[in-house]
Amino acid sequence: MQTHEAKRVEITIEAVMETRLTNALVKAGVTGFTVLPVLGGSGRSGQWSREGQVSRARGMVCVVCIIRPERLDALLDAAFAVVERHIGVVSVTDCEVLRAERF
Amino acid sequence: MQTHEAKRVEITIEAVMETRLTNALVKAGVTGFTVLPVLGGSGRSGQWSREGQVSRARGMVCVVCIIRPERLDALLDAAFAVVERHIGVVSVTDCEVLRAERF
Amino acid sequence: MQTHEAKRVEITIEAVMETRLTNALVKAGVTGFTVLPVLGGSGRSGQWSREGQVSRARGMVCVVCIIRPERLDALLDAAFAVVERHIGVVSVTDCEVLRAERF
Amino acid sequence: MDGILALAASNLLSPIILFFALGLLAAFARSDLSIPEAIAKGMSIYLLFAIGFKGGASVADHGIDATLILSLVAGLILSFAIPMIAFGLLRVMTRLDVTDAAAVAAHYGSISIVTFVAATSVIGSAGLSSEGYMVAVAAVMEAPAILSALWLIARYGKSAGMEEGLMREILLNGSIVLLVGSFLIGWITGAEGMAMVAPFIVAPFQGVLCLFLLDMGLVAGRGLREARSVLTPGVFLFGVIMPPIGAVLGLGAGLLLGLSTGGVVLFMTLCASASYIAVPAAMRVALPEANPSVYLTLSLGVTFPFNLTVGIPLYLAVASLVTGA
Amino acid sequence: MDGILALAASNLLSPIILFFALGLLAAFARSDLSIPEAIAKGMSIYLLFAIGFKGGASVADHGIDATLILSLVAGLILSFAIPMIAFGLLRVMTRLDVTDAAAVAAHYGSISIVTFVAATSVIGSAGLSSEGYMVAVAAVMEAPAILSALWLIARYGKSAGMEEGLMREILLNGSIVLLVGSFLIGWITGAEGMAMVAPFIVAPFQGVLCLFLLDMGLVAGRGLREARSVLTPGVFLFGVIMPPIGAVLGLGAGLLLGLSTGGVVLFMTLCASASYIAVPAAMRVALPEANPSVYLTLSLGVTFPFNLTVGIPLYLAVASLVTGA
Amino acid sequence: MDGILALAASNLLSPIILFFALGLLAAFARSDLSIPEAIAKGMSIYLLFAIGFKGGASVADHGIDATLILSLVAGLILSFAIPMIAFGLLRVMTRLDVTDAAAVAAHYGSISIVTFVAATSVIGSAGLSSEGYMVAVAAVMEAPAILSALWLIARYGKSAGMEEGLMREILLNGSIVLLVGSFLIGWITGAEGMAMVAPFIVAPFQGVLCLFLLDMGLVAGRGLREARSVLTPGVFLFGVIMPPIGAVLGLGAGLLLGLSTGGVVLFMTLCASASYIAVPAAMRVALPEANPSVYLTLSLGVTFPFNLTVGIPLYLAVASLVTGA
């Protein structure tokens, strides 16, 4: 089956920043993304878990964005501007996609 | 630690199609998969979020499937037949796995 | 944008083993990880789904861990010791990260 | 008549409608207020359980009416037939293509259980009662319209075909199973069963309904904001004139069947309301090419609030006039 | 005797059992009806809170019985002992290996709180009451059986060893902490506390229980469909003869302790029931090699419905006969 | 005075406080007891709905007091002002930097709705009532303190600036919208609306509150275990002396406004309590450099239990003394 090269960017970011991030992505010309829930985690700012939490202060989401390789830099710049002051992680993986016309 | 080459296929598909997809995967000889929840997303068909939704009409899941490289084509064919008329995204990444006998 | 090579390790493991795994990861010097929920799946031990489940006996989580390549082996050893007797899957992908000082 | 106007006015100021409005406003104002998906689903399970059980217990209480079977048959026929009318209207009034029009039509042949509940509460306030088996009629009307839509596509568009397993999936849809199951259990266990579960399903019902409508307002408002563009004047107009058309059919059926005034109002409401749970999900499977924004926005964003505010009091007024109640 | 037969019949037609059956049927028919995980967990938290609190308040009300401590000790001993019997039976009746047999055995030494609740409601319908501290006995019987299983493995199989931290984990298991904590708070705050929370935990209780049993039916049904193959005749048979054996032990203990007839029935039910929340999770940690399909299917798919339908009325009949109530 | 001591003692043994303690203990003992996130959010939605609606219905019942507007203004001013005092104290008493101190200060200018509810129930037990619009005062005090914190940063630290959209986000925060919306709907629909939803929001309220406090205890306990290190003696001390300071300001305002004794206690409680829902989320957006462990631990782990156990009875005693009630 015909596949096409693409980049898979996964941004784990605080839930309160989700809309800001996705707005920035859209502005940077990203045509699609998927938001995954996160149960908990650990990092330099300590360990946390979503259980029992009412406040949105604690809690992260993972925004997955598959794009054409040539758009990667624009996306990373946009994402970085939002993530910069915040806790969170950005990773980029090479991948292949079906239906490249969608990206 | 000894690792083995494999392919990681991630299929983001409408929740109503989940069973059809996993049935097709099993038919295609896939021995295992994992289903992740999706909170929301955006694409050509607009933006959506799972919050407050009662109907299963809106909502997607992400089916992750790790397989031996030689089985990739069979899997993609099977997946594509289900995804074809539907919104959704398929990505394939190279990975290494422990315990290759499991795949 | 400047990125750095890293490894992305995704461990799908039974929910009851989550704390044991993350404790082992921390002991092995892992500085951060993210836990994703899992809705259901299928493997040699059959098919399962989280829906309606009250017992923690059924149910898995996915622990994602991004690390510097040189730490991979220590992490895999630690993870394997926990996963060994249990059902579950470990995959490793090459990735690039922003803000390498975080890992 | 005056009494009915007063009722309509008081209906507009009922907590249920105001919470729906609160949700709409919060969504329009982009508040981050939201109900977790699991809670929304939990409330819908609660409502189906309560509605079904009460209907069944009421049948156990009042005995089976001779018209029970006839009402079910009438519901079936109307659920099959209404999509045809809706489809014709849509093709004339809007520029929706065959697929989108058929998908929308299916929603109007099916029913909205929350609209049904709101009508039950309005007729209750007006001092009327109704046949307990109207819940069974509601259940029977959930699915047939989906088949009509598929038939319309096969007839006027590219053949959609009936995917294997789809029929079972539609008939064994979670909401139908829960509604019918609770109805039967309410019927079997009767007054004794009702005594056991009443403190759970009767007294707190209206409160849960308020929260559920808050959620529906939020979802409808967000949908409207997202999908404003699909709401062309023609499409919008369809969303407010199709309900009265359905209601007229329901009125005819109700009168023919000789239902009580309350029963007639409920039948009108069932025919006037549009599905927003079962049918949208079925359409995603059966007609994935149809644009979900169109049918979800119409059903939840236009027709539901129309029925809630204007429709139900209107149907009550008409039914009261006609039956002379 | 006649009264008891009538009770057994009416028990079969109680909403609780019918909702369990509805769940089973929906699962067998592959309906997509499902309860969100969070709602299912929320209901189980509600039930533990309510059961514990009511038990504690009842102890506050009736005072501490001289037999309280003895009952707790008896519960402890039985929870340790029953797995030995179950293990022996399993090795004789089935082809399960040592690990699977020990894992199953642990479930039967422990208890099912929903079965306990169902028995409470059945003895209530029969006009009997029971000692409030039976809830505490239930809590005490949750965990010891797990140790017996580990001991059985160490004795007859490959040594499993007691993993570090496992003991604390088992004893501080969420359900035990919530049940015991609510019991103590109910005890401390007594009638006054009860007055505050009664409208939440008493009146709506049966309704929530119906929905919870619907969910249990769904989960049990899906488990049975998936794991039909593990249910060999021997395994199935074990699932229906082990409960009466446990019940006989409970009967003996209850009589020795001099419990009320209602208390005896509850003790029998505790011994007859099998865990499906705490022990399965502990087994995944302690005995990962044991096949979860076996113990979950047996406990939830065979023994739970057996107790619910046949077992509890039987235990009530026997206890009534023996105590002459 | 004796009555008040007795009340304080009985308050310590109320189910609400005991369930909070149970949660704390379970967390300290590392039990895996936990409430699903969706259920916790569902309960907080329920509480806001109930509190708002009851407040509005009470205003509809008692009519608008001349002091309503003045109370709202007083609340606004205090919410702006208290962070200044808190900030000064923090800079003197602790080693927190400007950012952390400002973030903490914002929490103390805002309010904790559960503390407010607990106070309502304590004054109720003391036979006092209060102005229904205190709920509106609570809503008005949610947000202004956030602006004070940003101003403090701009003045004493690196300019934080007001991010675009942040103001709207804060004012249209889900909790505020739900509280204010329910208040208005309660007001509009009055006694009639209240009659509809009362069985849902009045009778079961205390029971839900118990479970919610169990969850708060669990979250607070886990937070304390994780973040012990941030609780230096100075920080801890701040967490217990800031509430009485706030309460004194609330006392002054309440007396000036001529509120009832119950109203004065509630005003004191609002000023004494610290936000743990709305403000922490706003701080993550506006001041991401501030350490969330500090403010969450202080607010939920120190000040909340302080107010619950010692604070509220103290404020009641003082207000009773001063107003001579």
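Order as written gives the chain letters A, B, C, D, E and F; numbering starts at 1 within each chain.
Throughout what follows, contacts are C-beta pairs under 8 Å (C-beta built on N, C-alpha and C of every residue); 3 or more make two chains touch, one makes a residue touch a chain.
By chain, with names taken from UniProt: A, B, C = Nitrogen regulatory protein P-II; D, E, F = Sodium-dependent bicarbonate transport family permease.
As the structure is a prediction and not an experimental result, all values here were calculated from the model.
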Other chains in touch with both chain B and chain F: A, D
Self-contact between copies chain B and chain C, residue sets same or different by half: different
C-E against D-E, pair bridged by the larger set of C-beta contacts: D-E
Reference chain A; chain at largest CA-centroid distance: E
Chain whose mean Cα position lies farthest from chain B: F
Separation of chain A from chain F, taking each centre as the mean of its C-alpha atoms, in whole Å: 34
Inter-chain centre distance, chain A versus chain E - centres from mean C-alpha coordinates, in Å: 45
Chain A and chain C: spacing of chain centres that average the CA atoms, whole Å: 18
Per-residue multi-chain contacts in chain F, two or more chains: 32, 34-39, 41-42, 204
Multi-partner residues of chain A (each touching 2 or more other chains): 36-37, 49, 56, 93-94
Full enumeration of touching chain pairs: A-B, A-C, A-F, B-C, B-D, C-E, D-E, D-F, E-F
Residues of chain F touching chain E in the complex: 13-15, 18-19, 22, 25-26, 29-39, 42, 203-208, 210-211, 214
Chain A contact footprint on chain C (complex, rising order): 1, 3, 6, 8, 22, 26, 31-37, 61, 66, 93-99, 102
Footprint of chain C on chain A - complex, ascending: 12, 36-44, 49, 60, 62, 73, 76-77, 79-80, 83, 89-94
Touching residues on chain E, where the partner in the complex is chain F: 36-39, 41-42, 45-46, 49, 53, 168-169, 172-174, 177-178, 181-182, 185, 188-189, 193, 196-197, 199-201, 204
Parts of chain F lying in touch with chain A, wherever the complex brings them together: 34-37, 40-41, 44, 215, 218-219, 222, 226-227, 276-278, 280-281, 283-285, 288-289, 291-293, 296
